[in-house]
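Okay, got some structures for you below.
Below are two complexes that have chain A in common, paired first with chain B and then with chain C.
What follows is the complex of A and B.
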């Protein structure tokens, strides 16, 4: 496999860039922008070349792996790529490419450190997706938490600092439970390689297996912001700068979903989880969390907190639908992961553009922002329609498949939550839109004569995301070959029936 | 109410852990094939007499890259959140007796830090531990000789350059491994037959050095960012 050298490159290139930026800052500060653009473009090219070679269209076959240092597992750490990893690796590099372009015009202070941290986050994200070793996974999750905390508190206001402290405390608490799970596995099996754990995990006594599952479930519940631990999420996602909100809410939550899928379906024993009370407990917890997220969003007065609570709602429904564990459910869940990433990033970046002009983040201060840039506001409306689930846009198809999956398995509560979520979303998003297009009586807070910051890149990234929203809506079946491959990897082969979503 | 819920949660978790650790100690801890290989073949394969070093910087060197990047990210984060560009007016430090004694002691501290880094593959120690000792030296300077002593002699820029060069040295060792051995972070130039010489372990030596420089400079940067102070009224 000659192409497998791309796997370490995807992780090392962002880290190398992060190490070089402080040096460039001292030597020649003007070159920093060029370095950032070159590096993020290279990352995008490498990641897309993976798609070119390994998707069902290409010649090479997945999965591939790369042994770091030449040590085969269990001696050393290996990286591996399968269809699931391919999807997430591409999602990460595409969205980080757009977010970085947006940041080039949005971030105005401490730019050097900002890009250092952003590239460390990018490297850690690729690491989480690609690694095939449990402890290495933990290292990258911690790296993600540590590197994103200063980004959350980047505005240095007291509320941002408070959000940052909450974020790191809950992030580390989640990491702690993850670590205890790893310790239990290593003490009993003597190996850290995910493939080896998958082979021998079911030989352990059942109460012990359940304990390990409980620790990983608590850890991921905290990281994903599901019901009892949802409060840190809204605070962190709303006080960060707009590109970081998009990063946290759009990309990072999906990454923990990737960890969730890989751990519970591929590595740990899913049949055991299905047989015990754990599965239905987590499923109904996630459904309740989804409903609560939408209700909180409904009564929220602050635009960014509204978007963050809407993320709680969507993550809850995705976790619930994945746990249904039928091909349709996994397909619908993964489709919604992709769509929600695109839509939520677009909404946060779009609102970041408009909130530059307003006094505060409150919805009632949005009066008249429509007039600053009508095309962008129209794009905001399009993404909101997709979020609610209006047919030709992408949100509709994933919600439709999730609904079907719930109903077919007889979990009617799930179907009700999907519909209620959409119904609740209509009033809370339309309140934002109606304030946006209503004429403002007084003068705008930031007068237009004071020239607004240059924003061509910001507008470009937002429009690119809106185009993606429409394209993945109309041509959602183009994703089927890859999603199909990913679903096959997650399900044991013998219970795999013909596929529902076409292809 | 919250406290009660937390108590229930944590006591449940504690009970689970105790219950399962009892199972583990009854059935015996499992030492996998990897552990056996590390203990029996570790030195022949890597040239590092200190097996901890051979695991940290050769078998699982990628983990160490991640861990040292955690510290790098923490340094960047703390600097970006706390940097205020002004130091508090220097205190005059401690009394002349302490100053004289630390004048004598500091070179020894420095030597022991460097020794731990350079001999990390032969004896207990390594880049992380030695780097921390090097980082302490600049903290000692601040406490004993006053806060401006270190700051005026070694600028933050030079520390940043040191930190970054340590990180780049780590990556360079990995990338040279691609060209010589065909794998990222592969151990090149390891020669266990020269047992007792300094340069037996190939790239482990370089990685130790890189991590040591990076950690030392990074800790010093963190310390001086934390003691910086905003001038009143600005």
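What follows is the complex of A and C.
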């Protein structure tokens, strides 16, 4: 296990950078940009080298673990990496790399504080993915909440601060319920290591197991913004600066999905959840939440709120399809996690780019934005088509697999929600596009003769995401080996037939 | 009896959080909830032994489990930083609205 030293580095490097940024600011502010770029590139290189060595095509086999300080379990705390962790660690590194590049041009005030918080968030995200200890998971989740709240309220306008307050109140409540779940587990099992809990959790009395599950489900529905708790999400995700919206809506929600997958499939007893009323309750709740999210997006006047409610819709459908728990369903759900991350980040970063010209997020103010930068608007249209699910873009394939999974298991309501979501997405996105390409006869805020603001890095980031949208669409089967590995980890192999879509 | 006490403390905090429309009182309600969980955790793992700072050198000596106390301390630190952040945001908000009442601030109602 030569490469296991990379696991702590993935967490320590961003935290160290966050610590170094204020020190470097004292020396010379010009150095800060270099430090940020070097550190985020190193993080990407570490992640890519893990992918290179541990992908099914690579030389070494997963899972690997690293014992912090050389203390072996049960005394010490360990980090571990399996296929699921590899996927999410990659997603976090790549998207944070692009978001940081975008921020270099987008953020124009208090950059020092911004990058400190961004790197703490990055470290906490890698921690959530890699940790192998329930309490560490809680600490990293709370660290995410603490570090991302100032980023939500970063603009310090009245609405941004209100969004920050809402975000932290729901974050605190979610964290408290998570903590109660941890306390119950520790009191009954006397251990906090995820592996040991997974071994002995099913020996507990069934009503007690259900109580623990209920607390974790409440916590994660709050964090994921599923139906009764969906309203904080739109406010928080739309009031933040554009790169932070992409971070929250694109990456952080997926991270809570990773926690969801690890907790309920690997650690806690999934057969119990499948047998009890909890599974179908959460499944239909998530489906209803998905439909509601699309309906709210349909009547929204503000582009960023529209995108945030569309996230509610997509997260609902992903949670529902994962709970179906067949190989196809898990495959479709995880493919959609990857695709939705790429598409939603691209759309939020696009909205930040348009903001330079319109100075407002209202859809009617987007009038004529097409004429400022035609190539970029064309890329926006491509991502919107992917979001709706037009073949051969990436949204189509994941939606197709989700639809198949629902229909094969006889959950027709799920199939209807997938199709209705796509149908509802057509009018609300096309309203944006039709405003965008309509000629601007009124006086524009920034006149066309004026030079557009320098934004080469912003454009590069958005185009990179659009290229990813197209590539993961056409070559979606290239992801199969690694997704296959993750699906195999989530399923008890002896019960299920070999995975159909795999390599 | 003890369990009932912690449960009622938890519900007291929860109801306080739901019914109070004042941001500061709302977070006090949350603090009561958090405190009730921590108290329950610590008291439940107290087997009537010595504090876990002594060596186990005498026969028949019982030490309490140190791990819950470490966890509770960590949770207290996390809660403190969260509350500090929350109060900072409330102070920032008071620059725009001369109120800490949820109903009087339009952006917090919906």
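The rule we apply is simple: the second predicted complex is superposed on the first by the 496 of 503 C-alpha atoms of A that agree within 3 Å, B and C clash if a C-alpha of one lies under 4 Å from a C-alpha of the other, contacts with A are read in each partner's own complex, and residues count from 1 in each chain.
Definition applied: a contact is a pair of C-beta atoms (placed from the backbone, for glycine too) under 8 Å apart; a residue touches a chain by one contact, two chains touch by 3 or more.
Just so it is clear, the structure is predicted and the values come from calculations on it, not from any experiment.
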Room on chain A for both chain B and chain C (clash or fit): fit
Which superposed partner A:235 touches (first chain B, second chain C, both, neither): second
Partner chain in contact with A:172 - chain B first, chain C second, else both or neither: second
Per-residue touch tally on chain A - higher for chain B or for chain C: B
Touching partner for A:211 - first (chain B), second (chain C), both, neither: first
Touched partner set for A:322, first chain B, second chain C, both or neither: neither
Touched partner set for A:19, first chain B, second chain C, both or neither: first
From chain A, separation angle of chain B and chain C (C-alpha centres, steps of 10 degrees): 30
Touched partner set for A:139, first chain B, second chain C, both or neither: both
Contacts of A:149 with chain B and chain C, given as first, second, both or neither: both
Contacts of A:163 with chain B and chain C, given as first, second, both or neither: second
Shortest CA-CA distance between chain B and chain C [superposed frame, angstrom]: 5
Footprint overlap on chain A, comparing chain B with chain C: 135, 139, 142, 146, 149-150, 153, 156, 161, 164, 180, 187, 192
In the complex, chain B residues that touch chain A: 13, 16-17, 19-20, 23-24, 27, 29-35, 37-38, 58-63, 65-67, 69-70, 72-74, 76-81, 83, 157, 160-161, 163-164, 167-168, 171, 174-175, 177-178, 181-187
In the complex, chain A residues that touch chain B: 5, 8, 12, 15-16, 18-20, 22-23, 26, 66-71, 74-77, 110, 113-114, 116-117, 120, 123-124, 127, 135-136, 139-140, 142-143, 146-147, 149-151, 153-154, 156, 161, 164, 180, 184, 187-192, 205, 207-208, 211, 214-215, 218
In the complex, chain C residues that touch chain A: 23, 26-27, 30, 33-34, 37, 40-41, 44-45, 67-68, 71, 74-75, 78-79, 81-82, 85-86, 89-90, 92-93, 96-97, 105, 107-108, 110
Chain C-facing residues of chain A, complex: 135, 139, 142, 145-146, 149-150, 153, 156, 158-159, 161-166, 168-169, 171-173, 175-176, 179-180, 182-183, 186-187, 192, 231, 235
